[in-house]
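Next up, some structures in structure tokens.
Heads up, the next two complexes both have subunit A, just with different partners, subunit B and then subunit C.
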Partner chain A sequence: MFLGNLASLRYFLPEFAVTATILLLVVLHVVTKSPRSTASGFLSLLGVGAAIFLAGVAPAGAGRSIFEGMVAHDGFAVFFKVLTALATLVVIFMSMDSRDLAGRSQAEYYIFLLSTLLGMFLLSSATDIVMLYLALELVSIPSYLLAGYLKGQERSTEAAMKYVVYGATASGVMIYGFSILFGLTGSTQVAEIGRSLAAGKATLPMLLASVMVAVGFGYKIAAVPFHMWSPDVYEGAPTPATAFFSVGPKAAGFAVLVRFYYTVFAAADPGTGLWRLTSAVDWPFLFAALSALTMTVGNLVAVKQSNVKRLLAYSSIAHAGYMLMGFVLLSSAGIEAILFYLVVYLFMNLGAFYVVVLVSNATRGEEISDFTGLGSRAPFAAVALSIFLFALTGIPPFSGFIGKVYLFAEVIHRGVYWLAVVAALNSVVSLYYYTRIVRAMFFEEPKDASAIPVPAVSGALLVLLVAPTLILGVYWEPVARIAADSVRMLAF
Partner chain B sequence: METVLFILFGAIAVCGAIMVVTRKHPMASALYLILTLFAVAALFVLRQAHFLAAIQVIIYAGAVVVLFIFVIMLINVPEDRLPVERATTMRVLGVLAAGFFILESAVLARRFWMPIGPVAEVGTVEAVGRALFTDYLLAFEITSVLLLAAVIGAIALAKRKI
Partner chain C sequence: MTLDKLLVIAAALFCCGLYTVMTRRNAVAVLMGVELILNATNINFVAFSFFLSRVMGGQIFAVFVIVLAAAEAAVALAIFLRMFSTTGTVEVDAADQLKG
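This part shows the complex of A and B:
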């Protein structure tokens, strides 16, 4: 049933590509002795591109358990591998363009970025709690380093420190939860744990375990009340790294959340596309409450922010709340909606951050006041940012609207009306703070009216990010189909 | 006999842990930490986990705490400059909450009878080695990537100029 270690190697090619790139970066750094050259950036691009290609071409089939049941190779994992690698690719482009990082050694930065990517690959495919924990640490530890990469800047160091303290606490609580699960079932295999729990009736330790595990995962997706770290980290970290945190680890966190909870605390009803609870613990309700809380807190606090990076941090907390709605429904259509939303979110959120990078390269600031008059100073970037912000709000005809339609439709279909109402009200609130930036860009007079140059390469990348945001708003079928296929192949 | 030893070493571990957090001087705390870690290693031996016990002593008591002691000696804060800890309301509440939580976990464990896992043949060196290089090989290899990233990170953070 499990594939042995040697036979598994050929299903592990994307991970090999990333690991090989990490090692090559180390060698390159030692050999060339010019740490500030852009060569490491190009090498990373190549490596991540190869990983996307290798992940995309290998058909997952019905899914199989590889490396003695450590990780799964299925459509769900492949979907997340391509998604997170795509996010990394864009972030590498952004990093090569960012003035935050320009005067610093590049190789280490990309090594951390790619180590995180490897961690995300494993996190989205782990089916054993030992592997799962290790993958989570592999995502977290390089992330701390990325957050603190601007050595000598107080905010960056503060961000790294806060990230470490919160991360260590969260993963400590989570592994305690794992130890309870292991104690109850005597297995580290996620599927095996699920089967044992379904047969037994030990409910209170299970409640304890499910809550403790939720702390670790909730921290990764920055759900309230485990979100405290994210605004400070997002503000202090170099902007490309912030963009990365808000998309990559968050997506991987959702992958592991779905795979773990739907395997351990629920069982699929064959043929219906629905899951039923196997534990007496009503965790969907728990997460529904978290979802409502997350989007409300995220949106309400975002209203008061004056720093754009901080504002986008709270907005990304709110978006985690929207996506959690799909998680609590116990239906494959709900997971499908999450996957689709993640694709849409990838482009619009990275795009918004990319414009922030371009503007702060020129103005050296990230306050909303630095964006005043951007409509005349850099019209193209301003229009692009407006598109991204309206898409994040969920206004038609942009892609964010379609993503929200999928989520809302399934929430209503499953009869969780109160959650749909909360989410709808929240979307209205979010319109206010997104349009504040748009208003500053187009309707306020800038102090300094000089034009902000947008290099041709940056413009091209911006077009590549705007295009999906527009196209997915009118023609989304293919992506929705891929998302649906990825859920269907979810092998346990 | 086993129960007596368990209670003995368990008591040492708990008392040592309490001493770690209540001592004023960090050096005393570090030394009590070593005591606690040794007692926990003894508990591992009682559960037939010989390998784990050896690792516990070598890595935690040996390497990690020695590193702590190095750092404490390097920083070398004089006795009278140590910060004075006061028992604020929040701290008292925190201790109470923690005590309540521990008590509750113990009651839960007794009430629902956590199954005792297989005792023999899991903690021996042979069993651990076999598991490490067959079932958990991937985890073992991925750890090396994690350590590589951590090492590079430590250098990047510590180097004056990168």
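This part shows the complex of A and C:
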């Protein structure tokens, strides 16, 4: 049932497209006379576009285990490949526009970005713990370099250092957990580990293993208490890289979290759309507690932030908390809700960061005070940011509302009422700090009232990010259907 | 050598590593703590692989861990070097520009 290596190659085309682009970028970097040319940006766009086409538009028959069971080629993986590649595409546009990165060597930046993308492709499809660890490091190591890309800026270097120290420790603890799982089952195959564990009754080692693995994955999705790195990294890193971290690796982290826990510590009940807990450890409750903690800490700390990047960092922690609600329900509708929320979150969060890039290009700052009077200085950007922020809050008729409806409905349907109450209260808190930015933009007098020019290309991209945020708020069935299909095709 | 003894050694090494990571303030020392954690993992994998399953999975995993630890250390040391050249120190506590 496992496909051999040569036969697998034709199901691995998106990864080939990304790899080829990385190699071409290396050649370009060596050959080109001026390393600051924009050619590398366009080449990356082309490569990622090709990857999206190969993964999403023309996928080779899904539902296979390829490379001798190392990697799954299923609907779930395809969904995440398209999602992360789309996020990367937007981030490349953003990077070409950013003044943070202008005047620096570009090719290396895109090499790191695309290496991370390759890691996310593998992370969302890995079905063997060796592959999983390899993919996780492939996401992490270039991310450290992206965070510290602004050479000579102390804050960027500090961000990179904190990232690498936290990341190395978390992944170390995680593979110690893997080693326990390997010892209990004698296999590195995720599905095989799940079957062996279901047969045995080793409670304490299993508790240890599931907690240790949760450290590694929790760090990737920035769940409390493993979130400490994220505000610092998000604030210090170049803004496009921050936008990337808040969507891409987080989405891939959710992919691996769902695939791993739903295979190793649970088993699908055929026909019901539900999963049955096979481990003696009640990890759904553990994660429900983490979810409540994550959204509460994220929202409460965001309230007193004055730096917009840092505020959005805490807001993205809170959103990870909301999405974790779908993960603890052991139902396919819960996973569907996560997938749908990730799509919505991609557009609204990247959009918000894009406006931050545009504003800080002109004002050289990211404090809320730099946004005062944006309503008159750059009306279009201000309106767009307001739409993104209201969508992040979850106010109808924007897409964030529909995302939250799916999550809340399933939480209530599965009877976890306390979690729904916590999440509802949290949404109210988030309204406060999101509207603080909106108020600064429209109702406060700016120190400097000169207009901020928004180039036509940037404006067009902004429209492309606003449109899904608005449209998915009123017409969301197609995306919801794709999400549902992707969960149905979750094969191991 | 029995499996039990090896597991105890690995667990002790893991705890030493975690203790180092949490208490040392020098970034290079923290990195050494991480290496201890990774080596504890390697002992676990090789021991399980040898005594229990007699399959090569664990040994192969250990090789991967060694390679990735080297890659991670290379990047981490480069970042620490950059930090040393901008701030003149690699103390973790000295990195306090970003907070709140």
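One rule holds in what follows: the second predicted complex is superposed on the first by the 487 of 492 C-alpha atoms of A that agree within 3 Å, B and C clash if a C-alpha of one lies under 4 Å from a C-alpha of the other, contacts with A are read in each partner's own complex, and residues count from 1 in each chain.
The rule is short, and it goes like this: a contact is a pair of C-beta atoms (placed from the backbone, for glycine too) under 8 Å apart; a residue touches a chain by one contact, two chains touch by 3 or more.
Predicted model only: the values in this text are computed from it and were never measured.
J.: Is A:Ile141 touching the first partner subunit B, the second partner subunit C, both, or neither of them?
T.: both
J.: In the overlay, answer first, second, both or neither for which of subunit B and subunit C A:Tyr354 touches.
T.: neither
J.: Considering only touches as defined above, state whether A:Leu122 meets subunit B (first), subunit C (second), both or neither.
T.: Touch partner of A:Leu122: subunit B, not subunit C.
J.: Quick one: is A:Glu68 in contact with subunit B, with subunit C, with both, or with neither? Answer first, second, both or neither.
T.: first
J.: Can A:Asn5 be said to touch subunit B (first), subunit C (second), both, or neither?
T.: Touch partner of A:Asn5: subunit B, not subunit C.
J.: Touching A:Arg104 in the superposition: subunit B (first), subunit C (second), both, neither?
T.: first
J.: Just to be sure I follow: which residues of subunit A are touched by subunit B in one complex and then by subunit C in the other one?
T.: 130, 134, 137, 141, 144-145, 148, 151, 183, 186
J.: Could you please specify the touching residues of subunit C with respect to subunit A in the complex?
T.: Residues of subunit C touching subunit A: 7, 10, 14, 17-18, 21, 27, 30-31, 33-34, 37-38, 40-41, 44-45, 47-49, 52-53, 55, 57-58, 60-61, 64-65, 68, 71-72, 75-76, 79-80, 82-83, 86-87, 92, 95, 97-100.
J.: Which of the residues in subunit A come into contact with subunit C in the complex?
T.: Within the complex, subunit A touches subunit C at residues 129-130, 133-134, 137, 140-141, 144-145, 148, 151-152, 154-155, 157-162, 164-165, 168-169, 172-173, 175-176, 178-180, 182-183, 186-188, 231-232, 235-236, 304-305, 307, 310.
J.: Report the residues of subunit A in contact with subunit B in the complex, numbered from low to high.
T.: Per the touch definition, subunit A meets subunit B at residues 5, 8, 19, 22, 26, 35, 67-71, 104-105, 108, 111-112, 115, 118, 122, 128, 130-131, 134-135, 137-138, 141-142, 144-145, 148-149, 151, 183-184, 186, 202, 204-205, 208.
J.: Quick one: which bits of subunit B touch subunit A in the complex? Just the residue numbers, please.
T.: Of all residues in subunit B, those touching subunit A are 105, 108-109, 111-112, 114-115, 117-118, 134-139, 142-143, 145-146, 148-150, 152-153, 155-157, 162.
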